[in-house]
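Presented below is the structure to which this report refers.
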Amino acid sequence: MKKIDKKRLFERLNNLIKDYVVYAPKGKDFGKIEDTSEIKRESINVRLSPKQVFLPQEEALFTFKQGDIKVPENNEKYILFGIRPCDAKAIALLDKNFDTKDFPDPYYIDRRKNSILIAEACIEPESTCFCTAFGSGPFESKDADALIIDRGDYYLIDGNEKALSLFDGLLEDDGGEKILELKKKAEDSIKSPVVEGIDKKLSSMIDDPIWDEVSRKCITCGACTYLCPTCYCFDIQDVGKDDKYMRERVWDSCMFTVYTLEASGHNPRKEKEKRMRQRVMHKFNYYPFLYDEYGCVGCGRCIKYCPVNVDIRKIITKIMEV
Amino acid sequence: MADKIVENIRKEAKRILEEKIVDIVIGFEKGTLPYTASPVFIENPDDVDKLIWNRYCHNNLAVYLRNFPDKKIGIIVKGCDSRSIVALMAEKQLTRENIYIIGVPCEGMLDKNKLLEEFGDNPPIEVKEEFLYPSCQYCEHKNPVIYDFLTGEPVQEKEEEPYPDVVEFEKKTLDERWKYFQEEASKCIRCYACRQACPMCYCEECFVDTNSPKWLDPGIDLPDLQVWHIIRAYHQAGRCVDCGACERACPMDIKILWLTRKLNKDVRDLFEFEIGIDPEKVPPLGTFSLYDKEEFLI
Amino acid sequence: MDKEYEPNIIAFLCNWCSYAGADLAGVSRFQYPANPKVVRVPCSGRINPMFIVKSLYEGLDGVWVSGCHPGDCHYNTGNYYARRRFALLKNMLSHIGFEEDRTLFSWVSASEGNIFADKAKEVTARIKKLGPRKKLLKNRDI
Amino acid sequence: MNNPYIPMSGKIKKAWFESTDRSLRTLDIVLDNGKMDFIPGQFCEISIMGKGESPFGIASAPSEDFLRFTVNKTGYVTAAIHWLEEETPVWIRGPLGNGYPVEKFEGKNIVIVSGGFAFTTLRSLLIYLLDHRDKYKDITVVYGAREPGLLLYREELQEWAKRDDVNIHLAVDAEFEGWQGHVGFVPTILEKVSPSSEDAYLVMCGPPAMIKFTLPVIKKLNFPSEKVYTSLERRMKCGIGKCGRCNIGPYYVCKDGPVFSLDVLEKLPKEY
């Protein structure tokens, strides 16, 4: 573990903005910054998750003009500064879907391979946090290139060569500072539901009445899925006119009725309990089946921003009680 | 006072469930976060103790009424929610006989975000008006306009001009107003929480979801977002009961009430109509008067 | 040399009055600008306000809607309903900061060929005065 | 890196209305950059620039030198496809999906059951089987439609019916002037034909109503679930298992399907 002065780190970051596109917390949300003075945290975690960097809400796949297809190029390098460990894990989970052997997704990978994730430990987690349920934690450094810990005037920093080399010459010895206690305090403040074995359990719960029960209050908006750092579902649509078109992908949500609506009028997930089942199953059953990991990182966004207080922790608890 | 209301709600809910007057009661239970209450659906009379009432019960429960087409429903409503029911009845979406309305006089709901900012996780004992949701600040109908059972004494209604904010906004210049609209619309992520939270947005197929014609491009180009907000609000013209559920549902804290409130004010000024009072009265865009103003014509 | 700015205007004309009025303006050889491109609709009541917003969204500079005078509607009441809708829409567009003169409404009857020509001139002049549109234009770089 | 979202260009060599009610249009497409290798049962995404993409099963066999698609006019993109004339350029992405397990079928009896316009990929399969006739044992086809004019590829079917190495049973729902084949619904005809389930695989494609009533007949004929294959349809966008909408349980219809055996489907949510 090294120590880095905050002021000097921000100075360096300002210099790096020339070569990198830097994203950081900007008030309530996460966004691109032109200067480090814009970095501001208004809540423990940002509302719009960092997935927007690699999977923007709207993105051109190609343009089509006068019979020619043109693919946009992207050679930008990215620094994601101050994301939370849960969101770093979420990006690792997105990698599993987009960086597959059979069909690697070039748009996602082009951005992802040129990115450096600098996570910031959560010293005071929120009441909606439940990252510890999924083997992660407020000080987890595994999925980011570096982890920084806020110590007032300076950060403690640890990470891989790629990330630390950004701050060459600024790193000092940490003087043997212990963070164990800090870490324990943060971890203890998180109340996580037990999820052990939920994936196996869900396999037999496809037709369980619980889905009707937990989905009743849901108004089937897309707030949870759009804010979720691991939800990646998208739609592909064409826009444009007069022989100038663009095929783009835009976020889509499994909570919308039209998501699965077929041209014939048939809709396999017309009922909202089926859509709720899809969302929960995708996170806790399909994801483990496909990639051996839960598709939820416990960031708590869907709980915090749900208009009707659908609490995924409560759903998990209910499933475990069945 | 609040305890008395809760007691009355539970008692009445239990009675109507036991006497099979209704099959299900829609009310509020304690939320999982500070300053929240959450909708709950009670079918078993023994579960009525889950029901609560406090100043965080801001959701408009009328949005769930159409989810139970073959059930008799008991519903707990505030003034604005009751107006939604009336508005739905005026549009022939509900039959009065299938609904048992438990009315609660409402003193306005408290803004969770403002409270969190001010007090953190420790709720204050005394709450001032300034913590009310913007939608509740100008409320004209705190008492339910329609009910089968009223849980408490009616509260004093406001007599002031209900649209001071709209009047104030209209004083701004054209470009100031446009800038404001751009700023608000640009926050939108098109999650459609505003649409889904609204009892009046019950179209089987929303205009943004159709592809022939394709009214709107997908994505978050600013005009897309603006057109979404224009048309969503316009579809509420003469139908919006100004409950503010759309704005409270928005995860991105977009101000959207100023659009519908403008329409409401116009509907009042031009057509002398207020929705959600009389279920027999045809909504303003479903009728006309020979003498409607037409100064806007060239 | 810069060409003079010519606004692109869509005109929704009701079949029974304004469209016939336009026809009469034509056969009577009244001069009027060619900017309004006519879409014939059965009745001003047929015009969904979304048509107007969509026209602006698709990049037109202005929208002109014209129907029968009150009392003259071929379907008796269509234009009364339309009048209510347009009043609200026009106010709302102005409320959000959109130039009021880009959406214009009028009544022109089948016998008012000269009035149609006058209105067409006025509509074009008003929209021309506002200059090229800057608001609600799509930004996608295709 | 190969970009899986970019379509290939091609040209429509032939286009005609397949059914007498003009709801189905068949396109024969030739790709600009040579032939496509695929397995019967796979599908392609056909693009109409500015309108969008839609998935269609490949109706031609790998041995044919064109790609054939039969498109039912139901929505936005399919209506645009119906407008396409011969010699117009088109854009195609594929082949996508898994296709029928033709290798597993080797040395077995094959029963093909189909109804309406779901015969497309089965034409591909049937020609493939006939191309490799020596590798397969008996081939039985039961195919029905509402009326003769709605049977796909009518002329070819008549040709095949003349062959003695394949049993073709065509059916229409009700008596029709000049019709000489079976009369009745597909499940009834299947029961009448009663193909042996011994050493056999059954492939079924059809509208949901047909599937619903055919399943009990299949059970009655003693076909085990793992030897019954069907091809599913879902709303698809990416076609490569990324966009997330066509999943049934943990499987993506676009990538792990569209061909599934019945025993797999029986364990999944009924979301199709």
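Letters are used for the chains, namely A, B, C and D, taken in the order the chains are written, and counting of residues starts over at 1 for each.
As a convention for this text, a residue touches a chain if its C-beta (ideal position, glycine included) is under 8 Å from a C-beta of that chain, and two chains touch if they have at least 3 such contacts.
None of the values given here were measured: they were computed from a predicted structure.
Chemist: Name the chain pair with more contacting C-beta pairs, choosing from A-D and B-D.
Modeler: Taking the two pairs in turn, the one with more contacts turns out to be A-D.
Chemist: What is the distance, in whole Å, between the centres of chain A and chain D, each centre taken as the mean of its C-alpha atoms?
Modeler: 39
Chemist: Could you give the separation in Å between the centres of chain C and chain D, each centre being the mean of its C-alpha atoms?
Modeler: So the centroids are 51 Å from each other.
Chemist: In whole angstrom, what separates the CA-based centres of chain A and chain C?
Modeler: 48
Chemist: Got the chain D residues that touch at least 2 other chains?
Modeler: Only 52, 75-76 qualify.
Chemist: Going through chain A residue by residue, note those that touch at least 2 other chains and give them in order.
Modeler: If we look for residues of chain A contacting two or more partner chains, we find 235, 237, 239-241, 245.
Chemist: On chain C, where are the residues touching two or more other chains?
Modeler: Only 140 qualify.
Chemist: Treating touching as the only link between chains, describe the layout with one word: line, ring, star, complete or other.
Modeler: other
Chemist: Sort out for me which residues of chain D touch chain B in the complex.
Modeler: Counting only chain D, the residues touching chain B are 52, 75-76, 79.
Chemist: Any idea which chain C residues touch chain B in the complex?
Modeler: 49-50, 53-54, 57, 70, 77, 80-81, 83-99, 104-107, 119, 122-123, 126, 135-140
Chemist: Which bits of chain D are touching chain A when the two form their complex?
Modeler: Residues in contact with chain A: 1-7, 47, 49-54, 74-78, 89, 91, 208, 233-235, 237-238, 240-245, 247, 249-250, 255, 268-269, 271-272.
Chemist: For the complex, which residues does chain B have touching chain A?
Modeler: 31-34, 36-41, 59, 63-64, 67, 121, 189-193, 195-197, 205, 209, 217-221, 248-253
Chemist: Given the complex with chain D, which residues does chain A contribute to the contact?
Modeler: 61-62, 64, 67, 69, 71, 97-98, 100, 102-107, 109, 206-207, 232-238, 240-241, 243, 245, 247, 249, 252, 254, 259-264, 266, 268-269, 274, 277-278, 281-282, 285-286, 289-290
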